[in-house]
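I have placed the structure first, in the form of structure tokens, so that the comments after it can refer back to it.
Per-chain residue numbering starts at 1, and chain names A, B, C and D are given in the order in which the chains are listed.
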Amino acid sequence: MGTIGLAVIGAGYWGPNLVRNAQATPGLRLEYLCDLDADRARRVLGDYSTVRVSDSLDEVLADPAVQAVAIATPAKTHLSVAMAALAAGKHVLVEKPLAATYAEGRQLVDAADARGLTLMLDHTYCYTPAVAHLRDLVRGGGIGAVQYLDSVRINLGLVQPDVDVLWDLAPHDLSIFLSILPDDVAPLAVAAHGSDPIGAGHACVAHLTIQLTGGAMAHVHVNWLSPTKIRTMVIGGSARTVVWDDLNPTQRLSVYDRGVDRSVPGDLGAEKRAQTIVSYRTGDMVAPALPEKEALRAVMAEFHASITEGRAPLTDGRSGLQVLSILEAASASLAQGGAFLPVLGADFREGVKA
Amino acid sequence: MGTIGLAVIGAGYWGPNLVRNAQATPGLRLEYLCDLDADRARRVLGDYSTVRVSDSLDEVLADPAVQAVAIATPAKTHLSVAMAALAAGKHVLVEKPLAATYAEGRQLVDAADARGLTLMLDHTYCYTPAVAHLRDLVRGGGIGAVQYLDSVRINLGLVQPDVDVLWDLAPHDLSIFLSILPDDVAPLAVAAHGSDPIGAGHACVAHLTIQLTGGAMAHVHVNWLSPTKIRTMVIGGSARTVVWDDLNPTQRLSVYDRGVDRSVPGDLGAEKRAQTIVSYRTGDMVAPALPEKEALRAVMAEFHASITEGRAPLTDGRSGLQVLSILEAASASLAQGGAFLPVLGADFREGVKA
Amino acid sequence: MGTIGLAVIGAGYWGPNLVRNAQATPGLRLEYLCDLDADRARRVLGDYSTVRVSDSLDEVLADPAVQAVAIATPAKTHLSVAMAALAAGKHVLVEKPLAATYAEGRQLVDAADARGLTLMLDHTYCYTPAVAHLRDLVRGGGIGAVQYLDSVRINLGLVQPDVDVLWDLAPHDLSIFLSILPDDVAPLAVAAHGSDPIGAGHACVAHLTIQLTGGAMAHVHVNWLSPTKIRTMVIGGSARTVVWDDLNPTQRLSVYDRGVDRSVPGDLGAEKRAQTIVSYRTGDMVAPALPEKEALRAVMAEFHASITEGRAPLTDGRSGLQVLSILEAASASLAQGGAFLPVLGADFREGVKA
Amino acid sequence: MGTIGLAVIGAGYWGPNLVRNAQATPGLRLEYLCDLDADRARRVLGDYSTVRVSDSLDEVLADPAVQAVAIATPAKTHLSVAMAALAAGKHVLVEKPLAATYAEGRQLVDAADARGLTLMLDHTYCYTPAVAHLRDLVRGGGIGAVQYLDSVRINLGLVQPDVDVLWDLAPHDLSIFLSILPDDVAPLAVAAHGSDPIGAGHACVAHLTIQLTGGAMAHVHVNWLSPTKIRTMVIGGSARTVVWDDLNPTQRLSVYDRGVDRSVPGDLGAEKRAQTIVSYRTGDMVAPALPEKEALRAVMAEFHASITEGRAPLTDGRSGLQVLSILEAASASLAQGGAFLPVLGADFREGVKA
């Protein structure tokens, strides 16, 4: 296949970024920017663009010049918009989260499978050079066994009217976790605590704890109310620990040869556990050089490549489903007082990484 | 009363700091450093000291030159050592935590009360200029209504053989919370999640969530395994938010006039909740000038002053008890899968601040 | 005047930024992107643009739809390109520096004056919210008397083949100094030291010292070879000191109420100078909230406004000339071993700020 | 020789540090703290010390229990105090600078040589783990050829009544430079610029530029008036560049495999110099693990070792002389308008490192 005709659906917060990057991606030809509010779409394109504006999804999907769509509409509309696109035979790139519920997401995955079309999630962070490096490092064994993950994503954020802070922000952290964890480390159970101190009607501050296969624990702190912006993730391993500070462009990743080792002399009885020898490594730290690349450019390139090569994209529908299953368990835990609840469908994990 | 004769009990990790600061505090006269291992005590004092060494608690307590003791022995010995001191009529300053259990702590508080002796906790952080400023700001209404608290205390720490990371580190955060919160904001329930990825026999990474009167939530993240050291606390309020970064000596406190406001037009029905007007303040940030003072010097001064003035110290036995009640609830939650459990004795709170 | 037709000349490093911002500025209509290499210009515009490409400056200047040009060609071509534009009756916005020499810059200023056309320098930094705030603060007396200025602008930069690091980077610092200093504080003399440790043929590391009216000193450190990027400026005053860290987006400006005061008792003889009482202020620090605005957008708006209002722009040709006079003195000092040399034309200063 | 009896002379700003570290150093026996103001000395020792106080230098020097003295009196007294000590056959450790002038320093070096006594400078920074690492790295060739050095040492400092900021602060930077530079890179000429914006009677802000053998340049910025504290040094090399940030305890040293390379194709004429191929390396950064050690402890250990081993200490009298020769040239340049002036005695350099 040669050039792929693309339509961007939705000219709101994220749409302009899709427009800009689609235009710069070899192999993609941006045909339309589609929004119910055509004036908003026109303002996004500006006065010097040859891209067409449409306020009709039907018109866009009926145009044979369009082979693929990138959807940046509110999550509750993903099911209807993406379903219409799949029904019209279009490949679909969709903003996170995949859909408003796991059940809806399931329908989209099944529909794409049935038609042999690409269904890809725009989990943008998974395409940053930092996460690409983390994936190689963590999945490749470079930090040893995973001991814990800790992600903080807080700032003075837009309080959403229809979703809580977990559904708004945690998809980033969860998709990153899924992208970098080895195949044998999967989410088993989830607990969530949250609060709504400003009376927004749902949690504005939340903490998510995930039990992983093998005893490790992952934690996510998301917060719309913090005056300071923090975007850090720590992935602790038995051999090394990585700290990712996304707001430090000159040193995003720091790989520490530092940690705690425990060695149990062979003949010790249980009562001598306290005498276990604990030792501390305090080696050098290495900050790997990372290329400067815009992640959304790589999203577009992967969308194009997965369509032309007829393969699943790195962040396919199943990875989107897995994020939804964790979020639904988190919401249930939040409603039930914070106890751990199992994550659905740990069994489909291998499909994700295949 | 004039000069108070003091003995320091315990020449381990913290004892040398007590020795150094006791020697520099007007009104205190350091008489003994007492440790079962007299050689260790001698090494702490060095070759040029006139302070006496003893390996006998009985000897020290029998000496009428000693009116007060500062105890820096392991937590599990606090009950017996402090009880002996109180029985001998000595005032007691004790390292955190007050005792190994709430019940033991209760005995110490009752014993001190019965004898009219000072029982003070060395919650050192509560005596830093930063916390003193925070107390004035938060209790004085300077940040408006408290919306959330978030404390992170992580670094490559000593893995303790007999207590988990919550009991080792969280007393710092809890005593600070109790010290700065207004009287009408008390801990109601606690949930805790933890993991032990190195097989230490108890949690090395833990998250503690506290529900407070009025709907606010406090969160504590403690971690012995992090290669990077973080000591930050955020206290979000309806009017201002304070960020305390204890590792940034030139700007420990940052007070942001920044946040989210929500205004509900008067005649809106419940279904229009989503249309509530949310507005964002992005005003200036002020970093208040703080004096440079060693906190432990202020601890010693408060110990001396509370004895001579016959009043309760800022961090009295009851504040130590309250920390123990939260820790015990946290341990129970940890054992029961992370659900919220009530905190004992919210009713004794007024006693704390009286 | 209504909409102003604009042509951007030069599609190299900076041209794309001019193109993007011109397109987004109300009142400007981008007619051409002109470059000797038409393919390069086409690549800059991309596949979706209605803007015309030309490889002929004559063609562009002959088009009556063009009333103004923005020049982003190498400095040595500024004289010929800008002169041609002025001769054709076009208003001119030119990249820094104004020209390759003071004499050439003088010709441009005189030509623009003679024809009543706008000649504006794209000193982009002067249009950032940070510098706008600094200007109000410093010129408005908010820091008291200016005591010193110190600017560091270092990173792994492009080693230019035809200009040294002073001519490449210092125009930024100098134009900022001139923009924020009060009218009665002018550059009097300049000394420069430099080195060329990689054999580039001219200085790659340089230090510039400027004596100002009233005894204050300004210093600039520019360096192409530093692996770490630093962009800081300190402006010390008798009442306050401001630190500008341009790489800290969450706290670019910090205004310190901190400094050294000296009070001389009235009846002291000269020999008692050493007994002068020096006192230290250590007050709060305030980080003012700054709007997020792209500076180049404000450059374009000022270009448009100065043309339509028939007034001198904030960074007019004279301010460009003053930068050239300091750079020429610096080059002469560099060649003569680093001694101070006078800056030409301190007398035209009032014209700059008028 | 066994234990060395030591007297500390001067109980002012630095004396207490000498007292504390002398007491903790094996092989040293602190006999006296000597100060004209015996009460001040008593306050430094506190109420629990067995160390003797004396207000008579003669008494101390006459005591055969004293074999060595550590002098922390004002610089202008160094000549008389150290001369008396040497005359009495005592080894001498002296605070920086060695003496008030090069000529005075020369007398001390000659006197120590004549008597075969140790004369050591307390250039404390040279004994930090960071500088020890830098010395190995830079002298060992780890950064390739030295291209430039840049040191910034600014904060709200004590404005000294009798010396300017260069003489107060730059000895730190200069002794570090001398300690880490390879033998074939020596200071040749010095230029200095300074200003006195508060009317202190001498420079409070100063910039020092040093030309080194081989074309590299070193620069020092010292400033008493800055509200922010900065302590950074950059050492640029052809292979690597090191950044030392002394206020970042968790990452003091950062070694960058990043820089500019220049390769000249073999057959190019001189006129093609501008076409030289410049390439940029952007490799990883390594932050080496450094031990946590108090530098002054290492100073004391080196003083003891150099006496007992009968060898020159790392920072001997000659290194102190070299610092004085640079400072005197800097003062002369300051007085003569900032031009470069030669540094005396580059010929004694080999003696320094021998």
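Throughout what follows, a residue touches a chain if its C-beta (ideal position, glycine included) is under 8 Å from a C-beta of that chain, and two chains touch if they have at least 3 such contacts.
Computed from a predicted structure; not experimentally measured.
> From the C-alpha centres, identify the chain that is farthest from chain A.
D
> With contacts counted as defined, which of the two, A-C or C-D, has more C-beta pairs across the interface?
C-D
> Between chain B and chain C, tell me the centre distance in angstrom, where each centre is the average of that chain's C-alpha atoms.
Measuring from centre to centre gives 53 Å for this pair.
> Can you work out the whole-Å distance between the CA centroids of chain C and chain D?
Computed from C-alpha means, the inter-chain centre distance equals 39 Å.
> Of all the residues in chain D, which ones touch at least 2 other chains?
In chain D, the residues touching two or more other chains are 228, 254, 258, 282, 285.
> Going by the contact rule at the top, pick out the chain D residues touching chain B in the complex.
Residues 23-24, 30, 46-51, 228-229, 250.
> For chain B, which residues are in contact with chain C within the complex?
251, 254, 257-258, 282-289
> Can you list the chain D residues touching chain C in their complex?
Residues in contact with chain C: 145, 147-148, 150, 156, 159, 161-162, 191, 193-201, 204-205, 207, 209, 211, 215-217, 219, 221, 223-228, 234, 236, 238, 241, 243, 254, 256, 258-262, 273-276, 278, 280, 282, 285, 337-340.
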